[in-house]
Amino acid sequence: MVQAESSSLEPVAKRVYSYYPGCSLHASAKEFDVSAKLVCQKLGIELRELEDWICCGASAAHSTSHLLSLALPAHTLKQAGEKGLPLAVPCAMCFSRLRITLHELKKKETLDLVSRTLEKELSTDVTVESMLDVLANESISLPVTKPLERLKVACYYGCLLARPPEVIGCDDAENPQTMDRLMGRLGAEVADWGLKTSCCGAGVSFPRLDIVLKLSHRILSLARSTGADCIAVACPMCHANLDMYQKDMTAKHKEKTNLPVLYFTQLMGLALGFSPKELHLDRHLTDPLPMLREKGLA
Amino acid sequence: MASDFTQQIREKARELLEDGTVECVIGYETGSDGISARPAFIYNAADVERLVFDNTCTHNLVKYLLNKKAKSTAVVVKGCDSRALNLLLSERQIERDKAFVVGVVCPGIVESRWNERSEQLQKRCDWCRQHTPVVSDFMVGDPVTEQPPADFADVAEEEAKTAEERAAFWQQQAERCIRCYACRQACPGCYCTDCFAESLDPEWVGIRIAPAESQMWNTIRAFHLAGRCISCNECERVCPVNLPLSLLNRKLEQKVLELFDYRAGMSEDAPAPLITFKKDEKLGIAE
Amino acid sequence: MTKTLSKNELESWLGNILKERTLVAPRCVDDLTLFLPVASVDEIAFDCGNTDLSPKDWFFPRTEALFTAEHKDADIEITPAVIEQETVIFGIRPCDAKGIAILDGPYLADPADSLWAQHRAKTTMIGLSCSSPAPQCFCTSMGGAPFDSSSVDILLTEVNDGYIVDAVTEKGEKLLQGVELKESDVSGSVPSCDTQVPAEGITEAVKRAFDDPYWGRLADRCLHCNICAYVCPTCYCFDIRDRTEGGKIERLRTWESCQSKGFTKIAGGHDPRVDKGSRLRQRFCHKLLYFPEQFGPLGCVGCGRCVVSCPVNIDIREIISDVQELGAKVGEGSS
Amino acid sequence: MSENSAPLIIGFLCNWCSYAGADMAGTSRAAYPSNIRILRVPCSGRVDPMMIVKCFQEGADAVLVAGCHPGDCHYNEGNYYGRRRFALLRELLDFMGVERERFRVEWVSASEGKRFAKIVTDFTNEMTKMGPRKAS
Amino acid sequence: MSRIGVFVCHCGTNIGGVVDVPKVVEAAKQMPLVVFADENKYTCSELGQASIRNAIDEHRLDRVVVAACSPRMHENTFRRTVAAAGLNPYLLEIANIREHCSWVHSDHDEATVKAIDHVQMAVAKVARHEALFPKTIGLTKRALVIGGGVTGIQAALDIAATGHEVVLVEREPSVGGRMAQLDKTFPTLDCSACILTPKMVDVAQHPNITLLSYSEVKEVRGFVGNFEVDILKKAKMVDHSKCTGCGTCWQKCPGKVSSEFDLGLGQRTAIYIPFAQAVPNKPVIDLENCRYQTFLKWDESQGGKKPPECRICEKICPTKSIDWEQQDEIVTEKFGAIVVATGFKTFDHSVYGEYGGGRYPDVISSLQLERLMSAAGPTEGEVVRPSDGAHVKNVVFVQCVGSRDDRVGRPYCSKVCCMYTAKHAIMLKEHDPDVQCYVFYIDVRAGGKDFEEFARRAQDESGAIYLRGRVSHIYQDGKNLKVLGEDSLIGRPVEIEADLVVLATGMEASDNADTLAQTLNISYTIYNFLIEAHPKLRPVETQTDGVFVAGSAVGPRDIPECVAHGSAAAVKAVALLSQDSLKSDPLTSIVDPMKCVGCFACKVVCPFNAIEEQVTRDKRTVSSINENLCKGCGLCVVACRPGAINLRGFTSQQLLSEVLTLVRE
């Protein structure tokens, strides 16, 4: 609705979003933050980071206290609401928490409970969009300068961008297409594969690394078997798991995966002409640069 | 105007009786008080001079056609009365070719009782949106353009009360009702040979002339006219204890208009709302 | 010399009556004047014309239980209705009073109708002479008069500063006991009821006009509602039906009228008076022919209620004159 | 009847859907308050508005008419006619002081035993709350 | 004065446990016109019924009230009872004090009060009952069977065997239905085709059976014994009276399309018979895919090159049977009885995203597997992978696909899947001993003769590995499929590499079952399965007299059940047809011509055109009821202001007296 207003002001439809980076984008997933911002800038999407955003509670809160797991995102939603702008969220985990909270606040009694807890007048009159949905919006034209030709990408969405479908509103929880179509528009070849939304094990990263290795390895090896050159992700957790442990997997499964795992925003960045450096492509543990060079993209 | 209408009616009546088109002309004549009209039945051309038409011609003469089924009859009708013709035609109570309709573009009818004649228009004339008859073989007066449908201020006023007040209000009315059934006898829509009210078995309405029975009578009378009442308001006019019967009729008229977009007696072949339906209509019950 | 009572004295007297008896008097409810019980004297409409409904309700109620029957163990117990309440009707007009009185004919003739008898016994009528007869009135033509005291227990005649009191019956005397009456020589101005109806020899005329098509034509406009019968002080036809509630049976008598369809329907479904003409004729034959033949007086007292309230202006006065003419014609023919 | 506190609810149930639904409530032991008295009619379209007015005139506190869901009438169209009649009747009753809440129409299928129980329960509670009818 | 007897039933403790029965009896004794009241443990038992009959004798009862279970349960039972004692069966009224009372109220006093009221109502109503006598109507001694699957075939044959004419209408070009698609049948493993084909042939050859294949029922008018049915015969474009079914045409026809019968695993031609043993064994032309038709439809404006005219079939047909002039036609036939056996279709598994949403060629439905296994199937019985024709070794079966699953709106159990999967496991092992089968199941439901043994055999002898749990995900990994699931018995996730996954797709009502039901005026469930008159006691009858249902159109059923129901329906139909005349239900409307004012509101509202016009002696046009058409809904009664119409068995007087007992007592 705000968009409508602003667009009525300016002939060139300019999109404005409140921006919620979330903790990991200020730390482990800096490259996601950076690339996302660059891409948005390029595409005329203005991101206004919320001044007083706090942790969404991620996996920790809801395993501790349901109320807490709602209260934390609610705080952020409150601000977003006051801004009157749609909220763009890159991190799949944060996105999931915010969306779920929004969903639960639709219940009157929950709304009252959380409002009382935060001593704030909460409303559910705010839209939360994942950065993927923001950028995949087909009405946005992509000024591709360096098409991702010869690059085969396996798009990996993970659990949180797909489930629960009734809350997330994913196009197809088992075989989503949003990112695939986006990559296609960038000139990349996309792999049709069956583990786009399978769990990478993030939930148990610390207690049960073995499971993480098993699940992530399954994903990587299938992706590889489809001939993909890299995996595109939209979630810091997934990224961490898939990218970080490839050495351990190689050790465990006696099979070299070595498959670069990039944020979809980084791939967009490349196609839109940003340099690997700007996009922090050097921050990954599984180094994508050799592959990218080989493809003439770096 | 009146005198001119009277003239036209007399001439038509004479013509019809002389050439034998009809056996009888039902019109109006001056009553025993010398100031207000009453129904007149003219069988001989010689008597047509008795016929008059003025703003006291309140009776709905269509009612009388029900007694003249077999014979060909001419009847003088005002706009509101004429809707009763359609009602009775659609319900196959009269045959069109047996009735010669002398339509009178209604000048408005005044409040009058025996030996009393005010210049105050009857309230039905405020609601009336049919001054020009919808059926006629001969029209007296020039058709007028009708105003948009009436609002239902009177109904709204009643509805403003609480349910309890309304209940009390109708209770009082029922206490006055002496169940003479004049309302029924005057109504063109009430033509059953055996009225439910007098049925002994099933005994819908008890014999007592008492509030409960009278309410039963008045409620069902109104409901049996739901979507059929053509709002000539004769029922209310004839009531010897002045029950506000029009309120009930109008409440239903309003709802029928709102729910089914239907006005009784406007055409001969539009099915009455309660003997037809639409599969996917929303009427606010069980939804 | 006459006895008089001032307005105030009258009111306090009525006030006292109120204490131990039901006082019925004309009251204005909404736009009607009706004989109704009053709770206090100021409810009484002293200077109203004649009431819209006749006072017959108080002798012949619109609905009245004759008896109730009930299962008692094995057999059935019947309890006849009894009227205990003493009632005083104030403000009844001579014509209406006469109407009640002549109904003693049918109701008290052997076997007497116990309920009617009880109502009559328990009710005292304080009449009020007509100071200004209405246009529809024609009592004088029917053998009555605006100041006729024959059928009341007490007749009051309004005079400038009070009422002339005429205690007609013992009942009246009793009711007046202890009431201070002034001696005075005022005399009530004698009002006249100038509408004249040729009732003379009407009985004969009706007999002769019995078969005349006149009735059928007249019935053309009759709606056969029961208004005339229900407003009439002398229409006394009724219907009887039982009503069960909780195993208890009430036998009820209610007003009915010869005008309603099927009134004369008999077992097997035959109805000797199916056509409207014969039904309408019945009403007038009863009033002007059968009633006098059986009980003496005409069955109409000229109160004029039917004249006013008939929705299609069927006017008994007109009919009487018409029938006189008809009768005359037929008479000539026959002689 | 209106004197005692427990409201008298008269239910007219169509034989094919709602009466069967009430049977189903029985077979599945779906309990509900015992105030309601049930009449079996072939079709909700058989329920004569006169009958309903009579119920109220004689002192019933509430009336429930239940029939097949629109489209499922055993007689194809019965409930469509019923729907129109009842819609008008309820307006008239309310206008004459019988609150619209007291006259309820519901579509209950043969398989909706639990729902029937719920409807009756809610209706009874609502009527208890409203208390007996005033006047007449 | 009538003499009413009241019989209150304890129904064991069903009623007696809550309602104070003796108290109800005592109350009944006090009710007007009641001269006798008694209680029974089970009134419906022979003992109970006897006590009613005796009481009728002894106390000269002329009307009876039974306070027991719902009239929908035993009204007819007790009507027969009173009839046996010489009373008119309609002088009976049931007070429902079980379903509507003891089973839903726990408070004993309240329940008892209510029971008494219901008895009082019944007494008041029965007092106003009149003796009613059914009218006799003639009937057409022919039956219509809708659906040519095994059920319909069985029904048709059984009816025909009794010498009655039967018309069998089948939507497809051939009879046989689903069973014809099956390879073997459980648990006996006889060859489906081998046992079905003879029956199909019998149907075609039976002198009393007219087979209308490639036809559909469009309209049904009339009533029991006297139905008038419009049947649409779709244009076959082949004159079957000339055609010998030699097969030259379909061997030569160039128009190839995937075969419905083989569920996309094989191909058929545009002029075709669905399968080799089809009956009738004469082809029809599928106009959608016929080249000549495309030629005819082609127009310049769309550009492209003009398709060939083809007409090969026409040229090579030795009997000149091809008839391009043929049109769809509607034939109207009269029947006395109708058997509906429209069968089922299998659930479309593409809604299951986690199973690949239909994207993986090697994830197939059980019915497809049947076609693969069938010697007459596209692969002549060799079970190979659709994707690459490779021979299968590891096969994973997933149970309850479209069954017992609320998410896809199919909460019911399809009943046959457990068994056919066992069959598949066994058969696959027989085809090739090296095959390993895995079965993910929720429960193994093997209720039925030799079923459990059969299911065990799949595990014990054929070594199928049964894993209790659902499959969470299936994905393509190279040529193979990875199946991820859980073995809930050991609480471990399992991962199986399979080269074929078979989904045990459940049973659904066949297409347009609902529209057909509406045409026949019979009810159907939210899943479009047809509803029987009584699930236990009248399993093949419906609410519409003369219309019977059988087979899996009513709900998931296996072959023996379908056949049994087919026969059952046949018997009911025959029982009807073998009568010389029918008795019409006397619970119809009646008109009092004296009260009728001839407004004909009744005629307008009657859904069954049962109102006719009649001129009375006094020349009034009044309405009268055609009692054969009247179904007793009572719409006319309410439409009739003067109360000239009344409904027998539910007269206004009766309903009113019921109401009055409630409000005036």
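Chains: A, B, C, D and E, in written order; residue numbering restarts at 1 for each.
Note that a contact is a pair of C-beta atoms (placed from the backbone, for glycine too) under 8 Å apart; a residue touches a chain by one contact, two chains touch by 3 or more.
Just so you know, these numbers come straight off a predicted model, no measurement behind them.
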To reach chain E from chain A by way of touching chains, what is the minimum number of steps? 1
Using direct touches as single steps, what is the fewest number of steps from chain A over to chain D? 2
By C-alpha centres, the chain nearest the middle of everything shown is D
Name the chain pair with more contacting C-beta pairs, choosing from B-E and D-E. D-E
Can you name the chain that lies farthest from chain C, using the mean of each chain's Cα atoms as its centre? A
What chain lies farthest away from chain B once each centre is taken as the mean of the Cα atoms? A
Centre-of-Cα separation between chain D and chain C, whole angstrom: 48
Taking each chain's mean CA coordinate, chain B and chain C are separated, in whole Å, by 32
Please work out the Cα centroid separation of chain B and chain D, and write it as a whole number of Å. 35
For chain D, give me the residues that contact two or more of the other chains. 49-50, 54, 58, 77, 81, 85
Contacts with two or more other chains, residues of chain A listed in rising order: none
Scan chain E for residues touching two or more other chains and write them down. 605, 639, 652, 656, 664
Each pair of chains that touch: what are they? A-E, B-C, B-D, B-E, C-E, D-E
What residues on chain B touch chain C, complex-wise? 31-33, 36, 38-41, 43, 59, 63-64, 67, 113-115, 176, 178, 180-182, 184-186, 198, 200, 206-210, 234, 237-238, 240-242
For the complex, give me every residue of chain E touching chain B. 594-595, 597-601, 604-605, 621, 639, 641-644, 651-653, 656
State the interface residues of chain E toward chain A in the complex, per the touch definition above. 353-354, 356-357, 359, 473-478, 482, 484
Using the touch rule from the top, collect the residues of chain B that touch chain D in their complex. 155, 158-159, 163-171, 174, 196, 204, 211-213, 215-216, 219-220, 222-223, 226-227, 247-248, 251-252, 255-256, 259-260, 273-275, 277-281, 283-286
Complex contacts: residues of chain E adjacent to chain C: 32, 664-665
